[in-house]
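Shared chain: chain A. Partners: chain B in the first complex, chain C in the second.
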Partner chain A sequence: MKGRRWPAALGVALGVLGILYLAQRLLVPKYQTGVVEGSMVAEYYRERVDHDLIFIGDCEVYENFSPVTLWEDYGISSYIRGSAQQLPWQSYYLLEDTLRHETPKVVVYNVQALRFSRPQSEAYNRMTIDGMRWGPAKVRCILASMTEDEHFIEYLFPLLRYHDRWGELTGDDVEHLFAKDPVTHAGYYMRADVKPQTGFPAPQALADYTFGDMPMDYLGRMADLCREKGVELILIKAPIEYPYWYDQWDGQAAAFAAEQGLTYLNLIPLRQEIGLDMTRDTYDAGLHLNVRGAEKLAAWFGGWLLERIDLPDRRGEPAYDAVWEEKTALYDAMKQQQYAEIEQYGELVTFGANAVEG
Partner chain B sequence: MKKRALAMLAGALTLGVLLAGCGSGKDAAGDGKQQTGPASKYVFALDGVEVAVNADMAPLAEALGEPSDYFESESCAFQGLDKVYTYGGVIIRTYPQDGKDYVLSVELKDDAVPTREGIYIGADREAVLAAYGQPTDETATALRYVDGDCTLAFILAENMVTGITYTSDAA
Partner chain C sequence: MLFTSYAFVGFLALTLTAYYLVPGRWQWPLLLAASYGFYWAASPWYLLFILVTTASAYGVSLKLADLSGEQRAYLAAHKDLTREEKRAYRAGIKKRKWAWLLACLFLNIGILSVSKYTNFVIRSFNALTGRGLGPVDMIVPMGISFYTFQTVGYVIDVYRDRQPVQRDFFKLALFVSFFPQLVQGPISRYGQLSQTLFTPHKFAEKAFSFGLMRILWGYFKKVVLADRLLPAVTALTGDGTYAGAYVLAAMLLYAFELYCDFTGGIDIAIGVGEAMGIRMPENFDLPYFSKNITEYWKRWHITMGTWFTDYIFYPVSVCRPMLRLSKWSREHLGQAVGKRVTVYLASFIVWLTTGIWHGAAWNFVVWGLANWAVIMVSQELAPLYERFHRRFALRGKAPYEAFQVVRTVLLVSAIRMFDCYRDVPLTFAMLKSLFTRFDPRVFTDGSLLGLGLDGADWLVLTLGLAVVLAVSLYKLKRGGIREALYEKPPAVFYGAMGALLVCTVVFGAYGAGYDVTRFIYDRF
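Then we have the complex of A and B:
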């Protein structure tokens, strides 16, 4: 009799686990419409070719550089490991995670997030961390990122965090229960609309302009890790004026780079040389570039990079050609779709904040 | 046998229902933080309206009337709007949380708007020390007073106050 109980108990246990698994798959946010930024980090693991150039950072990289342009103009295979409000410790662990999969020749890190001295927001943490593959880098990233109200176990079992999302479920949660659509183009988030930059408030005076210990520690770790792996680390500040990038911050970034033997490039004063016209090349009044601006910036930056570093032109290599041909087709199709929506409705309706989850 | 299995399954489902019902109070896509921070003795008064950091901006904006300038910017991934209200020489910045806007900082930009304790842009370092006592910390270019959820900073150049900011600990 006892012997017959075990299979039944096992069956029930597996059934319960199955239900919990399905519930978790259903309840975790899918980030497929509107706020798609939570899908970005996981998309990287679908990549089928290696990259010679990796960008790491927040929206100042994933909205401002077009990898398709870098491919079309220079044959550079690149990827942006970006996420919304990506903090320096998250950038470090994403770098560590990336270098487990491949060894690029160059890593470009955008320094804007150095202004954050401590964990900020659970919503942004989730968008960066949930998509990471489990491993030591993800565990350490969670521990470094958690705000005081967060719990590690909720990252381990997201059902514990999202169990009360029943009332918020949409068609997207069912449609993308097991598979998600790509939302980026090699990590680039595309917007084709235009909202001219008009002006920004005066910068706030700060009592202390010194970057915090935590971000500088992780920046140092990024430099060490790149050195150890033979990867050239380049620090940049994207050509975006707001949030304000203080001269004092710029000086610290430059001093760190000089001390570490790295290149630091502040792109704000180079906007004219790049050809950026902020009355046409931004979709949100100057906070981020639109696709036209991102293509201009990528074209300029690729040229600047090749003057300094010998990156291979992968065009003509069948494996790369196949992958990038596919990416370019998807990129062009989305660009045309966005232009068509703008033409028809005067604004984007299926992308960005206007998009409504199905 | 079947009854026992069904009982276990029912137990698990009950647990699931319980889990679903015990909302954590966090917005699934939101921050989850609540405005429970301690108040501070450092509060700025503008035209008789007390403006404290981490206060709900909506009633303040109503009481203060039309700002002389207003700017808003969308945060990354649509987590709300960062707003900047300018009332003459006073700039109030807000941060979004759970569908509301809260005061992130108050900055005094000219000598027409003193603090409640009478310090204004252009006052000297000694006047600040006389009004506020010893600072929580100080550097060559700033005196900082921390109380509760607010840091009041006087930024100095050649011992003269050139900037005054009330900043939330949420910053």
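Then we have the complex of A and C:
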């Protein structure tokens, strides 16, 4: 190439890279309104203090436990590394990723997702994985999670996946081009509305109740990793009846815990003790708890936990107080905002999956 | 490995990088390895087919060359032979060469026919006899029609002593399997391609960037336009629901889809060659600016057209039975009719073959014969056109030429509908509905928005096709646009490449939510 053409070629190449970078920033979903679950995993990296308790799992943790209540009632600094339809191998790699940043005293894993034996949905994969920071854990998580039609390169360059969103861009995409607002409260997704539980379809008999090799393998790896790092792993099943949690599944989870010397707690039979009233404590007819239910569950669970494990009360520690004061204020403000919307409109308008941009 | 797959883009980047990093003498072996790797990625079984074709072409072409050499040596050593003795000797050699050629053709055309047409024969047999023979699970190697025709062309050229034989098996293997043209052509001639295929190439900025620009242009046409049009064309031609004016929409949309798909693929193939300093023949010459169907077929899929002309039309026209038929028809039917018989018959065979080559279905047979019929009628009407043109002096006037162009596009698009609909009767029914159920409101009342494309899609398509039209018009009036851009400041040239890349990445119809679409001509 003649000398004088190089600078132009290089300049254009850099310009094109810049344009593609901006296009990627613009076109990647922001998950700020409506379906906000895609923002959850990335939000963890904003945390300014360590946590003594980490929840890992799907909506059965990020919609059912209120870390603010754990803080207010017990001074427990906790965080929920949750995401929609988080599969066991994703939970493992999120745990691996978390333990690179901090070493909590307890990790609580919700076992509901053990029923999934293979990668499920590209959309859910993206919501869990896109937010992870690049590192060996993310690479392995992608490789373990990809469905048949997915390509690794589309995780590497998300523009290749989301390029066709130009027809559906909204104000959120422009407003949050470079910075996003938090959508959770230490990983908790708040809903204040109420839709009573009325009943669920009868459970269907399955041909085989055995958990698959892949989820059990990753559950074993979670146990090993926690042991290696000196972290107590507790397995729970959230107090949600549907999707149905079969006795056979429960037996396998309990057997695994016994074999590994872990604690397994099925919260479904304990709903009365917890004080859950599923006519008032759920926002979607029993599939998930609302904030009232999540606070009840967190209050009960914090007490249960402290009876067994010595977790420090961080209240009074300036660094923690500063952070949690901020979180609590935001939490209370959003709760009030949601109650106000419910009172005004009879339903949530700027929150929830069908929310419109505020 | 589709041209539009990430794997191919990665493969191409690695191959191009390696091509300019290895010493020049290793460039063509590298390409051979890359080509076989490319084919292996499609299916390891395919390698078996291409190896058989290569080995048979290699062995037979060597034998043919040896026989020609033997003939030359014998005649040089026996200069005292009489003319009759020389003729007799030549006839003997020719007979032996013919036998070898025939064996090679039989094997390779046989493989092509069996793999591609067995199920077509079974279906036709069932339809004719009412039997229910089941289909056979045949392996149809990717691009078999293209590499078979290219290889057969080489062997015939050696047979005709028009092409020196290639005595290096691996070089011949590269000619047969050269990956950019393996999938959908162009169908190269050995004499032409070998001039640049095996020679070392140093990195040349101009050739490399021209190649890259052409690759990007190909991707733009394929991914942004052709694949975005696909849902609408599929919906329109699905089951005969969309009749009347929708058929006109289908004709036009499919015309653009096929053009962008096929020329896009060829641009990628030729661009890859250009980026490596390898010249492949052009396959298109602005076909939609043709003023009649004969001209159109000289400008569309040029390498296939010339292949059929050189290796089927001419040999059939001058073969002994045809000469006898010509003589008989002139004697019994008169000069005017007699001289047409052989041309018509040879053309008929060419178009029948062309149709069958395009697909193992009666749709394609009828499509080929429809083209033949229109071309023959056009030829017969030529004197009438001449008289019309002399009387009204319209020739050379822009509006009339535009009319001719539009007429030709509509004509070839209507014939091409046999390629789209499920079967021949449905195609005829839909074409008929153009005249019986035509309601032009579908173009204005938003009906076209219900074809899997929304307003934004149509906007991209309109702008994209406008760019394609502008580039085509520029080429028509002034020549290649790349040369013109290259003469501008470098930032303009590279900026155009950058714009193509950005537009293709952002506006391309690929990835999740889109079906991965093969190139339409892959299936041939």
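Assume the second predicted complex is superposed on the first by the 348 of 358 C-alpha atoms of A that agree within 3 Å, B and C clash if a C-alpha of one lies under 4 Å from a C-alpha of the other, contacts with A are read in each partner's own complex, and residues count from 1 in each chain.
Throughout what follows, a residue touches a chain if its C-beta (ideal position, glycine included) is under 8 Å from a C-beta of that chain, and two chains touch if they have at least 3 such contacts.
Everything quoted here is computed from the prediction, not taken from an experiment.
*Asks:* Between chain B (first) and chain C (second), which does A:C226 come into contact with in this model arrangement: first, second, both, or neither?
*Replies:* A:C226 sits against neither chain B nor chain C.
*Asks:* Give the label of whichever partner, chain B or chain C, reaches more residues of chain A.
*Replies:* B
*Asks:* A:I76 contacts which: chain B (first), chain C (second), both, neither?
*Replies:* In the superposed model, A:I76 contacts neither chain B nor chain C.
*Asks:* Figure out whether A:D149 sits in contact with chain B (first) or chain C (second), or with both, or with neither.
*Replies:* Both chain B and chain C are touched by A:D149.
*Asks:* Who does A:V291 touch here: chain B (first), chain C (second), both, or neither?
*Replies:* Neither: A:V291 stays clear of chain B and chain C.
*Asks:* Could you tell me if A:A8 is touching chain B, chain C, both of them or neither one (first, second, both, neither)?
*Replies:* In the superposition, A:A8 contacts both chain B and chain C.
*Asks:* Given the touch rule stated above, what does A:V16 touch, chain B (first), chain C (second), both, or neither?
*Replies:* both
*Asks:* Take the contacts of chain A with chain B and those with chain C, and give the residues found in both.
*Replies:* On chain A, the overlap between the chain B and chain C contacts is residues 4-5, 8-9, 11-12, 15-16, 19-20, 23, 122, 149-150, 159-161, 163-164, 166.
*Asks:* In their shared complex, at which residues does chain C touch chain A?
*Replies:* Per the stated touch rule, the residues are 6, 205, 209, 454, 456-457, 489-491, 493-495, 497-498, 501-502, 505-514.
*Asks:* Which bits of chain A are touching chain B when the two form their complex?
*Replies:* Residues 4-5, 8-9, 11-12, 15-16, 19-20, 23, 29, 34-35, 37-38, 58-59, 84-85, 121-124, 127, 147, 149-150, 159-166, 168, 199-202, 204-208, 242, 284-285, 287, 352-353.
*Asks:* Which chain A residues qualify as touching chain C in the complex?
*Replies:* Within the complex, chain A contacts chain C at residues 1-2, 4-5, 8-9, 11-13, 15-16, 19-20, 23, 27, 122, 149-151, 153-154, 159-161, 163-164, 166-167.
*Asks:* Help me check something: in the complex, which residues belonging to chain B touch chain A?
*Replies:* 1-2, 4-5, 8-9, 12-13, 16, 19-24, 26, 28-33, 69, 71, 73-79, 84, 86, 91, 93, 105, 107, 109, 139, 141-142, 144, 151, 153-155, 162-163, 165
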